[in-house]
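Okay, so chain A shows up in both of these, paired with chain B first and chain C after.
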Partner chain A sequence: MNADDPATTDAKTGATMDSTMAANKAELVEFARKGGALVTGVADAGAFAAAMAGQRPTDLLPEAKTVIVVGGAPPRAGDWQVPNYLHMETTSTSDRMFALANRIAQFVERRFGYYAVAVPSGVDRARQPFLSLALAAELAGCGTPSLAGPVLNPEHGFLYFAALLTSLPLPVDGPLAEPVCPAPECRTMWDEQGTTPCLAVCPIDAGGCLGGRLENGRVAERRYDVARCTTRAQNSFIPGFQKALEAVFDEPDKERRRMILWGSQFTRTLWSMSYSNVSQCQCFECMRVCPAGRARRELR
Partner chain B sequence: MGFFHVDPAVYREYKDRVLELSQAIQINYPEHLPPEKRKPGLSDRQIAAQLGLDERVVREIRCVAEREYYPADEWERALEFKERACREFAQTGLAGVTKKYIQRAKAAKAK
Partner chain C sequence: MASVAAAIDPGEDALAEPRAAAIRKAALAAGADVVGIAPVHRWDEFVPEGCRPYDILPGAKSVIAVGVRGPTAGGWLSPEHRLMEVNGYDFANDRVVHVLADHIEREYRYRAIMAPGLPIAGHQPLFSMMLAAVLTGLGTRSLAANIILNPKYGLLYYSACITTLELPPDSMLEQDVCPHPMCVQVYKHGGKTPCMAACPKDEGGCLDGAIGDDGRIESSYYDRERCVSRAMNFGINSFQKALEQIANEDDPERRRTMIHSDFFGRSCEGIAFFKESVAQCFECMRVCPIGRAERKLK
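Coming up: the complex of A and B.
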């Protein structure tokens, strides 16, 4: 870039576009870090060619140039140790990242004067995400996709991600060069047993959700039973409520109907929905056994 | 008028095809796989075009079929699975499944 070119030079400060963008990015990364982000990355809004139509940045913000991704708020080391699975499904912290994305969006508009839209954490009318957060996190260099599904960060392993779209041009990070999954331990396990920790705990061919194959130390194939994962990850959220309600409607006996209606499962679906977004992720078993980021989970 | 919903006969006729095309069970869906290996599911609009249906009809069929796919028993089994997996992990410690591989990696690093 030529600093003498007026098109690439800030008229007020004389700074080149490159240095201005880098300074803006540094300011945003620091803002995100202070807000609780463990990782922050920037993806090119035009790099989402592999995403399903309707789930690309410009579908939500036509002027989008970049996608800022923040990751953090993972379950704490102690949370992973609790033997009662209900603990983690009741104390999920994913909403913290979405709140942070909203704050960054506000900061971008106020500080830089560019459009910014936080990607909704929920789904649209067709139960589809507005943007694939996994793809955004991957393209922003915050981690790489895993055999189990979640994007894993090399240092932290499992994290919650949120994203915002903006018309603000920023230097792009791009995907990481090396995949986090499979971890070295998983590659050895595959070589010796033909499986990995996540596949072993939740095997698709034996009543679980996950299948796949490693080849030359990389994920070569993947199968994922979305519907079964829903029965586990959203057991008492809206899908669970719909199933329980159907059971109530189908039960002709008034007393039995009351047993279902006032019983533990139906009641938990109501608690879950009233807590709303903090209870959507209710199954952590594939991530519980994942060795990525394990150093941060091993305490005394 | 009521809520828009799909005629049950239309639902029964198309639900298996819609689930198959949308990949209720994803096979090589992830974006990072090589293009020649990747088989992403189709969007509702793409499925509608392929089956000659309205996009809204496909969306409703998919949403209902995804919920119908597993019976309530599977939801009960999910509770048993999580209870068992979580307690087993608590007994064996961090990454119990990979323990020996982690120990081996640590030993190799120490040399």
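Coming up: the complex of A and C.
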């Protein structure tokens, strides 16, 4: 950009567009950090070529120039140490990051005067996301896709991501040059045993959810049984409630129906759906064995 | 209550103004766009016994109402209406009121509560946030579903704090926010305002009304039941409706299909804590000129 070009120079301050954009981005990154983001990245709104029609940034906000992605709220180091796996079920959700994205969207509009809207964290028609947060995180340089599924950040490993679309032009981070997965330890394990920690903990050919293959140290093929994973990872959330409700209505015996309704499983599904957000996501096993971000989990 | 008032140190009077200023500052810092204060006796001529602020919190002296914008300007601009359905409301107004109640109890040692906004019987709330917004001078009733419009921002979400702290009150608005002069002109030419035209009662919609020669609302009609069935069709109401249908379905296979359907799944999400789809129709507000300037960004 040419600093002498009036079109790229702020008339009041004389600052170039480049420096203004960089300053705006620095302010946003700091705002996000204070709000709890461990990572913040910016993607070009026009870079979502891999997204389905209707799920591109400009489909949701025609004026969108950039997509701001924030990542954070992973299970804490202490959470990973708790021997009772039920603890993890009740403590990790993505809603903190979505709330932050909402706040950043309001901040962008009020501080900079540009349009902004947070991408809903839930799903739209036919269980499709409004916009793939995994793709957004990848394009914003917050991480890369993994054999296990989640986008992994090179420093923190597994994170929850949220995104907002904005007409505010910002310097774009772009995708990372090197994939985070497979980690060096996983490549070694593949060479020696033909599997990786995540594939070994949940093998698709032995009743698990994950499969895949490495070639020349890179992921060459990935298999993921999303339906099987959902039935295991979300069995106290809305899908669990629906399943329990079906059992209630199918049960002709009043006493047995009463037991189902007052049973531990049904009660947990209701806790999980209501404000107390107990048991949102219940299987972290592929992430538990993942070396990405493990250093962050090692405390005293 | 008289006994509480009598217990107040005379020096408290001098503190009223700075406390009110501090409360406004705290509310704005917590995310409020507007703040208004009213004495509790403003409610006397509008609500029945049992619903006055001092019935809810004995000894109450003041009500502080806050309003926050719901959807971002970007949300209004999105051609995907579902985005607004999901992002339209984030309970920011409730969070502000909790901040205020904490502030008053901790800093001034007066009682403060979040005013109860949900219905306790039928569709009647114990405490009307709409009335609170009007009586604290934050807005006036509109032709569009009686929504209380603020002169600067238009549609806002309101919450209120009831407190035993006596505070200097704000005046109620002297001028009606609705109808906007542009709407009066549109009404004179076509017999409908933009909001009525967007959802006309005579064509299956929810709104109707008349504007008098003085340019003020002469009458208004709002079909709340019809509006609820459209505006909240993935919230508690749709969940109840779907559950009734599921319970009434005798065929297990059909019942299974209904339980695992997209519609029921989204209804469940509508009542879940992450508040997917709690309000879904903003069409009367989309065409409203009040507050539109605040939605024009770069």
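One rule holds for everything that comes next: the second predicted complex is superposed on the first by the 293 of 300 C-alpha atoms of A that agree within 3 Å, B and C clash if a C-alpha of one lies under 4 Å from a C-alpha of the other, contacts with A are read in each partner's own complex, and residues count from 1 in each chain.
Following the convention adopted for this analysis, a contact is a pair of C-beta atoms (placed from the backbone, for glycine too) under 8 Å apart; a residue touches a chain by one contact, two chains touch by 3 or more.
Not measured: the values here are computed from a predicted model.
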| item | value |
| --- | --- |
| Partner chain in contact with A:95 - chain B first, chain C second, else both or neither | second |
| Partner chain(s) touched by A:249 [first = chain B, second = chain C, both, neither] | second |
| Dominant toucher of chain A (residue count), chain B or chain C | B |
| Contacts of A:30 with chain B and chain C, given as first, second, both or neither | neither |
| Touching partner for A:18 - first (chain B), second (chain C), both, neither | neither |
| Chain B versus chain C as contact partner of A:230, first or second or both or neither | first |
| Partner chain in contact with A:114 - chain B first, chain C second, else both or neither | second |
| Which of chain B and chain C A:126 touches, first, second, both or neither | both |
| Where chain A meets both chain C and chain B, residue numbers | 54, 125-127, 242, 246 |
| Contact set on chain B toward chain A in their complex | 23-33, 37-38, 40-41, 43-46, 59, 62-63, 66-67, 69-70, 72, 74-79, 81-83, 85-87, 89-91, 94-98, 101-102, 104-105 |
| Chain A residues touching chain C - in the complex, by the definition given at the top | 54, 59-63, 93, 95, 98-99, 102, 105-106, 109, 112-118, 120-127, 130, 165-168, 238, 241-242, 245-246, 249-250, 273-277 |
| Complex contacts: residues of chain C adjacent to chain A | 31, 71-75, 77-80, 82-83, 86-87, 90, 246-247, 252, 255-256, 259-260, 262, 264-265, 268-269, 271-274, 276, 297-298 |
| Chain A residues within the chain B interface of the complex | 50-54, 80-85, 89, 125-127, 132, 135, 138, 144-145, 175, 179, 184-186, 188-189, 197, 200-202, 204, 207-208, 219-228, 230-232, 235, 239-240, 242-244, 246-247, 265, 282-285, 288-291, 294, 297-298 |
